[in-house]
Each structure stands twice: as structure tokens, then as C-alpha cells.
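There are two complexes below, and they share chain A, which is joined by chain B in the first and by chain C in the second.
Showing the complex of A and B:
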């Protein structure tokens, strides 16, 4: 009886829950990774044999390579633009006493609360009206709009938590506005910028609903080409591409962690 | 001082944004100028083997004959229609590949040009019904048939008609996979086709919904064509309503256990239409004429395993038994279906829910 009393059932229940949770989360991903190494010409599980030919096929299919380049360009461009527009806005709004500041901040964050497909559809018509049409510039503008909240939210959160005394001390000691920003403010908000930039890049890179409306021969992004390919082709190239994307994401996170430290960024977020 | 810094940066951000917007306008303007001066057109294709077939069978002969360039934009009809709707004066696409229902929408909205033999000599070889089906503002150049695809390992004696399909699935002899309502052509390939086969039609789809109620315990649904194949290969389903061309593509990829039959009542013809947006580059006519050419279509059919519409096309020995002549299919009244489509979707959601 005493043995039974010592068993901590809550511990086993929690352990079982965690195991089931991780299996539930990881099993579909694992299946995709396994299927990407199949020798069969179609997606089937379990796989009949092993091959890396579908990874080679990714690079043989030119639209994938072209679209990957566009996706990277757009994700980097939208992140930089969101930073250039969002960081100054945060510095102003986070400490503004104006009654409009809250409303402007909410407005900047509003793309988060709208379905992306609505933003994409509306932007197509609006930017076409302005003369941008279906172009790289139009795609970049719309991606910037949806990336902006990620940078604004994280940078504003970090900056609002900083005591004013740091910047005031630097000013009292004779530093000009730019020196205050460069030597005091920027280092302090850098975790927020890094975290926001990471979210922004990933949001843009994976985006389908917006990119879908601006896809053309020269502006198709990887998710748009993947969707079009998947609807009409049955081979495991998409599984291989997904595996490659996951591998790149993991490598990217490891590199960022080594250079900067994921902990600092997640604290900021 | 601090406020000044903030304002400086806010101002800098605004200036950059303005520069960016101005630059975009200039760039956009320049790109359009370049487009107007060059003999380049932008055509459309679905991804994967479709895109390769479009390049090999249509783009290559077009470029060889005209020395113009055709850029290929990948995507899908809803996307392309939205882009043309947003830019009717300067459409970003010169040739559209559309499903018949969207082709009709484009025709009714006045977004596309009339197809005539003057502009397209090869149109004379396309059956008139296929051009009339999209109001003469385009034509169907390629088609598939929504029939019965089955796993030969588990179904040795497949149902030969939709009526037999319903009876044998209802009795529990097979588990069937049918397209869900989220799939764009389900109202045509399943609701209308089965209603018609069971004695109904556009005005009466009760037979279809009654059949679905009878089969409900032995049905699974597919949301995308790949789902169907996975269900069949995993054993989750034995047979289902699917396309002929896709079935043969699976077969040629190594899934030799799969087979297809056109039901006795005739499976629904799922056509692919081509259209030219109004104000698109006139060079698109030459490209469209290549799409309707018999030799190019025969090559296209050989790659995709789907039927094509030029009456001069001679299929290879491999393809001949696979392609169902369009006259043996059920030709959907696309325009009438478009009118009641939403009603059918509502009823599906109420009665079937998946």
C-alpha cells in the first residue's frame, strides 16, 4: 500500500500528455521528411525505397529556384522597410502623451487582425488603381504592410519598458540626438528589432494569401509556385522542398543563436 | 532632445516611405513602357508538368514562328481573373487559362475578347459547342472527365455506372472517396453529374442528395486531388469520383494498381478554356492559334494524358484507349450551373456538412 501511495500519478499523466503532444506535433512533419526520401514517383507511406532524386528535382525545376529568389528578396526587402518605417514610429508612439498615439499604434497593428486574403485582394485593386499593377513594387508594399505589426509590436514593447533616464542621462552628459540613439537607444531596443525582424522575415517568406494576388511571371513567390505545382503534380518534390525549408530554418535559427542568442530575442518578444 | 530624435527618425521613415512609393511608381511606369515597346506577352499555366507542356507545346512554336517572347506565369484561374479585373485597361496577362465557370464570369463582365476564325484560323477545327459554352469569348482546348477511378487490387469488378456506384457503396461493398465542397468543380463533376445520371438535372438535384444520404456511412471526402490518391493508396477508400488524366498520370508514375472508367451515363466534362483579356497584347492571338493547333495539341495530350479539342488531332496508340471522346461525356450547362451553384453549396453545407 505504501508503494502505491508513493506513485505520483500526476507526474505520469503529465509525462503521457507531453509525449502525446510531441508525437501529435512532430509525426506529420516526420512523415513529410521520410516521404521526401522515397524512390517512388508518387507520395506513399511507408516508402518502397530510398532516393534523394526529389531534392535534385527541386533545382531542376526552374520556377522553384526563381520563386525562391523572389521570396528571399521580398522577405528581406519587406523586413528592412518595415524596420525603417516601424522603428521610428515606435520611438515616437511608445512614449507619446498624445491621445492619438494609441489610435495610431492600433492602426499600425491592425493588419494582424484582418484576414490576409482580404488584405491581398484589397491591395491588388488599390495598388492597381495607383498604377503599380501586378509588380514587384506592389508585392513589396503589401508585404511591408503585413510585416510592420511584428516589428512595431516587439520594438514598442521593449522601448516602452526602458526607463527614460538612460536617454536623459546621455543627453545631460552632452550627447546629441543621434549619438543618444546610436549609443543608448539602439543597443537597448536591438533585441526587439531582431525578434521583430525574424517574425517579419518568416511571415513574408511563408506568405501565400497576399503573394497569390500579385503572382506573375517575374514576381511569383515560392508558396505560390508550390501551391500551383501541388495542385497539378503528384510527385514528392513538394515534400523534399518542405524538408529543405525546415532544414534551412533550423540551420538559420542555430546560426542566429550562435551569433546573437535566441534567448535574448524570445525575451524581447 | 529626445523628442527631436524621435521626430527625426519618424521624418526619415516618412521620407523613405515617400521615396519608396515614388520610386515604385516610376519603376512601375518604366516597366509598363518597356512592355509596350517589346514584343513580349505573358501567358498562363498551372504548375508542374502542365507548365512544361505549355512551354514545349505552345510557347516554343510560338516563339519560333513569331520571334516574340512568351513569359509563363504560374498560378490558378481565380488569381488571374482577379488580376485582370483589377487592371482592365492594362491587363498584366495576355492569355488566360480558365475553368469554364470563371471563363463565363470573365465573358459576362466584358473582360475578354471574342474568338473568331479571322483572328484564330485554327478555331475552325474546334467544335462549335465548346466555343459557345463560354459565349464565344474563348474556347475549351483541353478537357478531363470526372468518372470512376478505382484500386484494381480491391475492386475487381468496378461499378459501370453512377447508379451502380451508388447502390454498391450504399450497401457497404466499397468505401468511396468523393470531392468535398471545398474543391472548385465539385458542383459540376459530382453534384450535377450524379444528379443527371440519377434522373435529375440542373433544376433538380434531389436525386444526388438522396444518393449521398444513402452512401454516407461509406464515404470519405477529398479536398485536393492528392488527397484522393493518398486515400486510395493507403486503403482508406476503394474507389471514387476522380479525373481520367490524373488517374493515368498516377499510373505512369508507377501506381499501376489504379484504373479509370467513364460511367455509362457519361462523366462530367471538365474543360479548360483559353481567353484573351481585352486590351491585352495583340501578339497573343498568334499564341492562342498555336494552342488550338492540332499538332501542338496532340503533343500536349501525350504529356498530360488529357483529351484535346481540335478535331484533326490523332492520338497515339497509348493515349487512344485512355481518352474519352468529349461526345461521350456529359457536357455541363456551365451557365445554368453558375446560377444555382451557391444554392447547391448551401444545401451541401446543411445536409452533408463536409
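Showing the complex of A and C:
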């Protein structure tokens, strides 16, 4: 009996620890969501009343709107470029067992492991030297560098988990390589492409250390504008914008999950 | 069906052109003396100057501290997730991943809201509970920077540990218990050593990301001076690009070393 009770106590201690842990994890997020609905013009507790005016305020502040458009364009552009570069590479790498292919895979994933601030700083100088300078194209190229690993990792993970037999049958039945890819392989790896694109989009959209270096009136992304706004004032607009961004990320995740099942893919990867 | 290796060429060339060459170019800039010659003076300065040594030390110490704390906090959570959560494990994973969907700015802002002078914590402690009379000063302390970094990085630690813990053969633990070891001894001498690889993988990942982080440091300050923060300042105010390049190269060397460790660990586990 005493044995059983001791195990129970350690279980409750562990449970209490985990509960405290998740309070720590969720508190700073929930508090932002709460503040985004305040009616006050400042941040203070208790919240005096509720309002959605800060969400409207986002769209009245022109730098936010401009930056939002730039961010969406860059995130979509970088994701498409990363897909065009990454998917073909996965088709070869996920099926090859050679050491050489392993090394190339590591290379394609390596931007994930390098400090973003260094990538941003180095790219700024190099792309200026090439004549891109601080431009939309320069921002797009550098974002593609850090988006590529997300697509490669997810697509290669899904593709490596698929049996070869479908493609082989199609090929034996006379389909050329392009037809096999378009009619057999692509539909099979589409869940990986969608999930990888979502991660890639979110990574680009949330990136600050790279975008910071390419900041100008026409290339400022949303996080850059939010950072400079936060350095000057402390009002609920940032909370509203963050809440909106989180809501969109969650919706994106749910949509991709409903259509393709993200949990299955993370197991495969 | 065999596919040509040529398919990797576009991606590999793209990274070579816009990732590798810029980093090499950046490294070379740190050796240029401005008159077309080469110099090591920046590295000598970084390695001997009191100020820079402190910055490098603080960068490494901060990352190491965040890594250790993440492991200490993350291990029990991973253990709970794999061994105790049962049918709740999906929910626990959701709670763990949900914060990863929020922007770094949102989370940093959250800490400011919690600990501002009129923030939630001071309101609770002073007005609601009457526990203290003066507002707590938590903003702009190194402790809050560490807490905020742990908040960002601990999910990676939990996921690394739990993926290894999941693979531990339960029969080994059962044998230890049958041979008379109590639950704690079984944990320390059987389970824990088997999960060291998970802690290692998580630690490298956390250290690597902490080492390059700077948004948290800019906004929560704390008087900490780290390499990323100094690069940002050099770029912004001092405009000493050669020095910023040298500092980026040092950060890069640390990152490459971490990557190398990571690959070794993965290979060992694969073997």
C-alpha cells in the first residue's frame, strides 16, 4: 500500500510541475490576446472595458498596412521559389542512399543552423555588391535561403516514407518521367508541400533578423515596423496585430491539418 | 525508376550563390585593412580587449544558461508527456506547439505586458492581493531575458527528449525493477542514461538558436551585451562594418561547431 501511495505523490508532484510549466508557456500569449481587446489607450490592469478598436487602428496606420502587403508578398514569393528549387532536389535526395546525397541534404538544411542575423548582415553586403542593394529582390532572395530548408525537410520526409511501387508501375506502363511526376508523384507528396509551404510562409512572415537589414520605406516587413513602433510606444495596437497574426497562423494550421493531416506528416518526417 | 542527380543542382547552386558566398565574403571583409591589405587586428582586439571578451563570454554563458534551464524544465515535461499523459498526450503536444505559432514579437510584448509597472503581475500583487506595496522591477533584468529565451526554446528541448524517451525499451526498466531497484534508482541508472542522446540533441539545438537570438535582447534589454546585439548596434550606430563582420564570423564559427556536434550525434544514433 505504502508503495502505491508514494508513486501517487510523485505523480501529483509531476502533474503540478507540468501545470505550472504550461501557465508559464501560455501566460505571455494569453495576456496579449486580452490586452488586444481593451478599450483603454494604454496598457494597464484591470482592463477597464472591452473594444475592438485596436484592430481597426491597425488598418488606419499606413506603415502597418504597407508592411503587411510587403510581408505577404515576400512570404508567398519566397515559399514559391523555395518550392521550385526544393521539390526537385527532394525527388532525388529522398530516394538516394549515397553518402554524397546525405551531404547535399545536410547542406540544403544548413541555413536553419546559422544565426539569421549573420545571414542578413552578410547578404546585405553581398547583394549590394551585386547591385541588388536594399530592394524587394534582395529581400526575396535572402528569405528564400531560409525558407528552402523547411520545404526540403518536410517534402523529403513525406517522399521518403512513400513506397516506390506507384511510380514504378506508372513507369513500366509507359509514362515518361514528367508524366510520372505530374500524375503520380506530385499528388502523393502534396501534403508535404502544403505543410512545408505553411512552415516556410510563417518563418518568412515572422522573420526579423534578416528583414531588418533590408529595411526601407518600400521593403519594410511587418515585424520590422512592429519593432520600431514598439521602441517608441507601448499601446494595444501591437497586441491586436499579434493576436490577428496568431489567429491567421492557427487557421492556416487547422486548414492544412484538416485537408492533409499534419500529425501524420510529422511522424513521417 | 532512377532520377538524375541533376535535380539537386538548382537548389545547391542557389544556396552556394546566396548563402555560402555571402558568408565567405563576410568573413573576408573581417580581414581587410582598408588599404587592400590583410589584417588580423580585429580578431586580436576581439580576443584581448576586455569589453569584447566580456561580450563573447556573456553570449556563450547566456546560451549555456538557457540550455541548462531548458533541459532541467523540459525533462520532467517530456517524461510526463511520454509516460503519464496517456490519452491527454495529444492535448499536451498541442499546448507545447501552440506557442510556436506565435511571433517572437508577440511573446516579447507579452512579457512587457505582464511585468510593466501597471502590468498584470503588479496589479495582482499590489491591488488585488496586497502582498507588496512597490511595483516589482522585472523588466530590463537579465533574469527576464533568460526566462523569455527559455520560453521560446524549451518546446524544442521537450520534443527532442520525448522522441528519444518514446524509443526506450520498457523491458529494461522492468528488468531493473525485478532485480530489486526502486523506481528512483531505475530512473537514474536505466531510463535517464538512455535518454542522454535526446538531451544532447535538444541542447545543441537550443544553444544554437539562443546564440543567434537578438529580438528578445533588444526589447527586454537587461543590460546584457551579446554578439548579435553588438552586430546590430555596430550596423545601426557605430557603422564599423569590418568589426561587425569579424563578430559575425565568430558567431558563425560557434554555429558551425554546433552543427558538427549535431551531425556526430545523429550519426552515432543511426549507427
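The working rule: the second predicted complex is superposed on the first by the 225 of 269 C-alpha atoms of A that agree within 3 Å, B and C clash if a C-alpha of one lies under 4 Å from a C-alpha of the other, contacts with A are read in each partner's own complex, and residues count from 1 in each chain.
In the analysis below, a contact is a pair of C-beta atoms (placed from the backbone, for glycine too) under 8 Å apart; a residue touches a chain by one contact, two chains touch by 3 or more.
From a predicted model like this one, the values you see are computed outputs, not experimental measurements.
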Overlay on chain A: chain C relative to chain B, clash or fit: clash
First (chain B), second (chain C), both or neither touched by A:157: neither
Partner chain in contact with A:44 - chain B first, chain C second, else both or neither: both
First (chain B), second (chain C), both or neither touched by A:128: first
First, second, both or neither for A:216, with chain B first and chain C second: first
Contacts of A:145 with chain B and chain C, given as first, second, both or neither: second
First, second, both or neither for A:228, with chain B first and chain C second: first
Partner chain in contact with A:85 - chain B first, chain C second, else both or neither: both
Which partner, chain B or chain C, touches more chain A residues: C
First (chain B), second (chain C), both or neither touched by A:15: second
Colliding region between chain B and chain C, picked from 93-101, 111-119, 165-173 or 255-263 after the shared-chain fit: 111-119
Those residues of chain A which chain B touches in one complex and chain C touches in the other: 42-45, 84-86, 88-89, 91-92, 95, 121, 125, 129, 141, 164, 167-168, 171, 177, 180, 212-213, 226-227, 230-231, 234
Contact footprint of chain B on chain A as seen in their complex: 40-45, 63, 81, 84-89, 91-92, 95, 121, 124-125, 128-138, 140-141, 164, 167-168, 171, 176-178, 180-181, 185, 212-213, 215-218, 220, 224-235
Sites on chain B touched by chain A in the complex: 1-2, 4-13, 16-17, 20-21, 23-25, 27-29, 31-32, 42, 46-51, 71-76, 79, 82-83, 85-87, 90, 92-93, 224-226, 229-230, 233-234, 246, 249-250, 253-255
Residue numbers on chain C that touch chain A, as the complex places them: 1, 3-5, 7-8, 10-12, 14-15, 18-19, 21-23, 25-26, 29, 73, 76-77, 79-80, 84, 92, 95-96, 98-99, 101-107, 109-114, 116, 118-120, 123-124, 148, 151, 154-155, 183, 208, 211-212, 214-215, 218-219, 228, 231-232, 235, 241, 244-245, 248, 251-252, 255, 258-259, 262-263
In the complex, chain A residues that touch chain C: 7, 10-11, 14-15, 17-18, 21-22, 24-29, 31-32, 35, 42-46, 84-86, 88-89, 91-93, 95-96, 101, 104, 106-108, 110-111, 113-119, 121-123, 125-127, 129, 141-142, 144-145, 148, 152, 164, 167-168, 171, 177, 180, 202, 206, 208-209, 212-213, 223, 226-227, 230-231, 234, 238-239, 242-243, 245-246, 249-250, 253
